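As structure tokens, the structure follows; a few thoughts come after it.
Going in written order, the chains are labelled A, B, C and D, and every chain counts its residues from 1.
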Amino acid sequence: MTRTPTSTPWPSGADPRPDGTIDPAFEAAAEEFNTSPVVRLLGLRLVHLKPGRARLVLDVNGRHRNLRGVVHGGITATLLDAACGNALRAALGPGGSVTTVELKVNFLAPITEGRLVAEGQAVHVGSTLAVARGDLYYLPPGDPGDAPPEKPPAGAPAGPGRLVATALATFYVLDRG
Amino acid sequence: MTRTPTSTPWPSGADPRPDGTIDPAFEAAAEEFNTSPVVRLLGLRLVHLKPGRARLVLDVNGRHRNLRGVVHGGITATLLDAACGNALRAALGPGGSVTTVELKVNFLAPITEGRLVAEGQAVHVGSTLAVARGDLYYLPPGDPGDAPPEKPPAGAPAGPGRLVATALATFYVLDRG
Amino acid sequence: MTRTPTSTPWPSGADPRPDGTIDPAFEAAAEEFNTSPVVRLLGLRLVHLKPGRARLVLDVNGRHRNLRGVVHGGITATLLDAACGNALRAALGPGGSVTTVELKVNFLAPITEGRLVAEGQAVHVGSTLAVARGDLYYLPPGDPGDAPPEKPPAGAPAGPGRLVATALATFYVLDRG
Amino acid sequence: MTRTPTSTPWPSGADPRPDGTIDPAFEAAAEEFNTSPVVRLLGLRLVHLKPGRARLVLDVNGRHRNLRGVVHGGITATLLDAACGNALRAALGPGGSVTTVELKVNFLAPITEGRLVAEGQAVHVGSTLAVARGDLYYLPPGDPGDAPPEKPPAGAPAGPGRLVATALATFYVLDRG
């Protein structure tokens, strides 16, 4: 299968920032995030950041699995927390900072391998509190472009892959940027 | 059915059929819902129902308010629970039935008057469990079309009014329809 | 008031404050709550209030039911929201005031009749935010003392009746009292 | 300061067997859990397991921290998910198995160092679904017994340390054991 950045922009394994673009205003924030200890420990990566939106990618490996060989819920929660938090941080602007008040995650399907893509979206930004939602999509190993996303239920938006988890989270605004 | 802008003020502009439409396949279900006791007690109304989507409306009155004169969180939760449950019911098809396993609601702004519009959307329908999200919008009294919706944060979708609450909920599939 | 454990266990319908006592410091707050519009609409009642703890009672009637004849989830959410909020209000002291940021409710069993007792408990009170949990118990119609509470799972605390819902909620501190 | 596992384990005083005990019926399950990949990656440890109850311990190190030098919310979520899941697994009995449907975590205070202790408790075990709550306590570095737990709000139970997070979660019963 022939692919070009234009026709199948996301996600290409070879690209260090698959379909991701970091808004120039947030490059320092993204770089800082991607070099933080827990991010390196787990192997996740912030690949897209613009006001109110963030995308992270994690390529699943054996270390992420639990007893039954599936990705542990804590890994899923980490990805969604980070997607939501970064989306809100970028909604506030450069210098914006938030901390998680509470996070609620629904786990929709088990994952054993492949790539996880977490999309975060700002929902509400108040003076003290902010709310975001996050969706976690799964792409099978190999060329993700070859695997059509699973059909979502009627009325649900189509995503870049199979929806495997979704989150709704509340944050405290530490710095409005 | 004869309708006038005065009696069906919501929402003008964006929706050519402002008060919603009930998919013919779900007319019996909507009628049943709208005549159930708690629905009549609170005064809410299911106005739009199609596979994976539902919309309810409540015109706020004094009975819905709490100590501080704002709509009680339980009313908000009722609207969002009903929006999510009906969206999933309709995602399953005629005869589909679900019951709430758990509901998580974020309250984003206090409401004291006007119209509340709850939008439910199916996110995931599995064999045993299903997940939906709901958004609650506020429209001020008078002609809502005159009041532009509050600008949501960057990256957030625009809704029919000001977003005042949002929910993520899990349901048990009682009948697949 | 003379009571014996055998004849009037808890709660007794004849008693305006069944097993409940309102800490004198909070009598005005409880009275205010019990006369607010939505509380009267639904028929619930705050019967116990002391620092960090609150108890509400609702006697189920036909108006509280949904399509399937069971108490609507919104009623359950209202009770638990009120139990959590009052517990935190009283944890802050007389004059304390909170508003719900978000509420998450698990519905454990359907209820069709009888008495619902909501217990709220402060978990954390910070300078801006506070967290509480709530448990909703069901007591069958008739003399509740005749019906032993359903045995909870191993490791779970015994409550005054069958546990039918549980909640964890976040509040914003409006007034520290 | 010199410490040995024998002289200053966790927590002193309240628990005669400070580091927890594994009910003999669950020794195989605990051993399996403690050797699973993600558990080893993060460095957490299941130290106490009996029907309906579980306790895990994590000694914080640099790898668990996020941008601001505090333990990442995903680590907290992992601990609480594991505490809840193991408590339910043990409530079902040897051979019992559950998977997380959804998890909601409240983050109450930032943690930068020391020991985290997650306590899980079964709340409800139904035929298909089960619910648990979890509490995460923090003990400062050094001899935990020397640091009195922070005073919880009125009405809240005292724990083995400062309460830094709390969770309410729903699980699907895979195997009733």
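Here is the rule we use: contacts are C-beta pairs under 8 Å (C-beta built on N, C-alpha and C of every residue); 3 or more make two chains touch, one makes a residue touch a chain.
This one's a predicted model, so the numbers in the text were calculated from it and none came from an experiment.
Using the mean of the Cα atoms as each chain's centre, the chain most removed from chain D is B.
Counting the residue numbers used at the interface between chain A and chain D, over half appear in both copies, so the two copies meet with largely the same residues. Separation between the centroids of chain B and chain D, computed from CA atoms only, is 38 Å.
Chain C has its Cα centroid 26 Å from the Cα centroid of chain B. Contacts with at least two other chains are made by residues 101-102, 104, 106, 170 of chain D.
Note for the complex: chain A touches chain D at residues 32-33, 36-42, 62-68, 72-75, 77-79, 81-82, 97, 99-107, 110. Taken together, the chain D residues at the contact with chain B in this complex read 101-102, 104, 128-129, 170, 172. Within the complex formed with chain C, the residues of chain D that make contact are 50-53, 87, 90-91, 104, 106, 108-109, 121-126, 130-131, 133, 152-156, 163, 166-168, 170.
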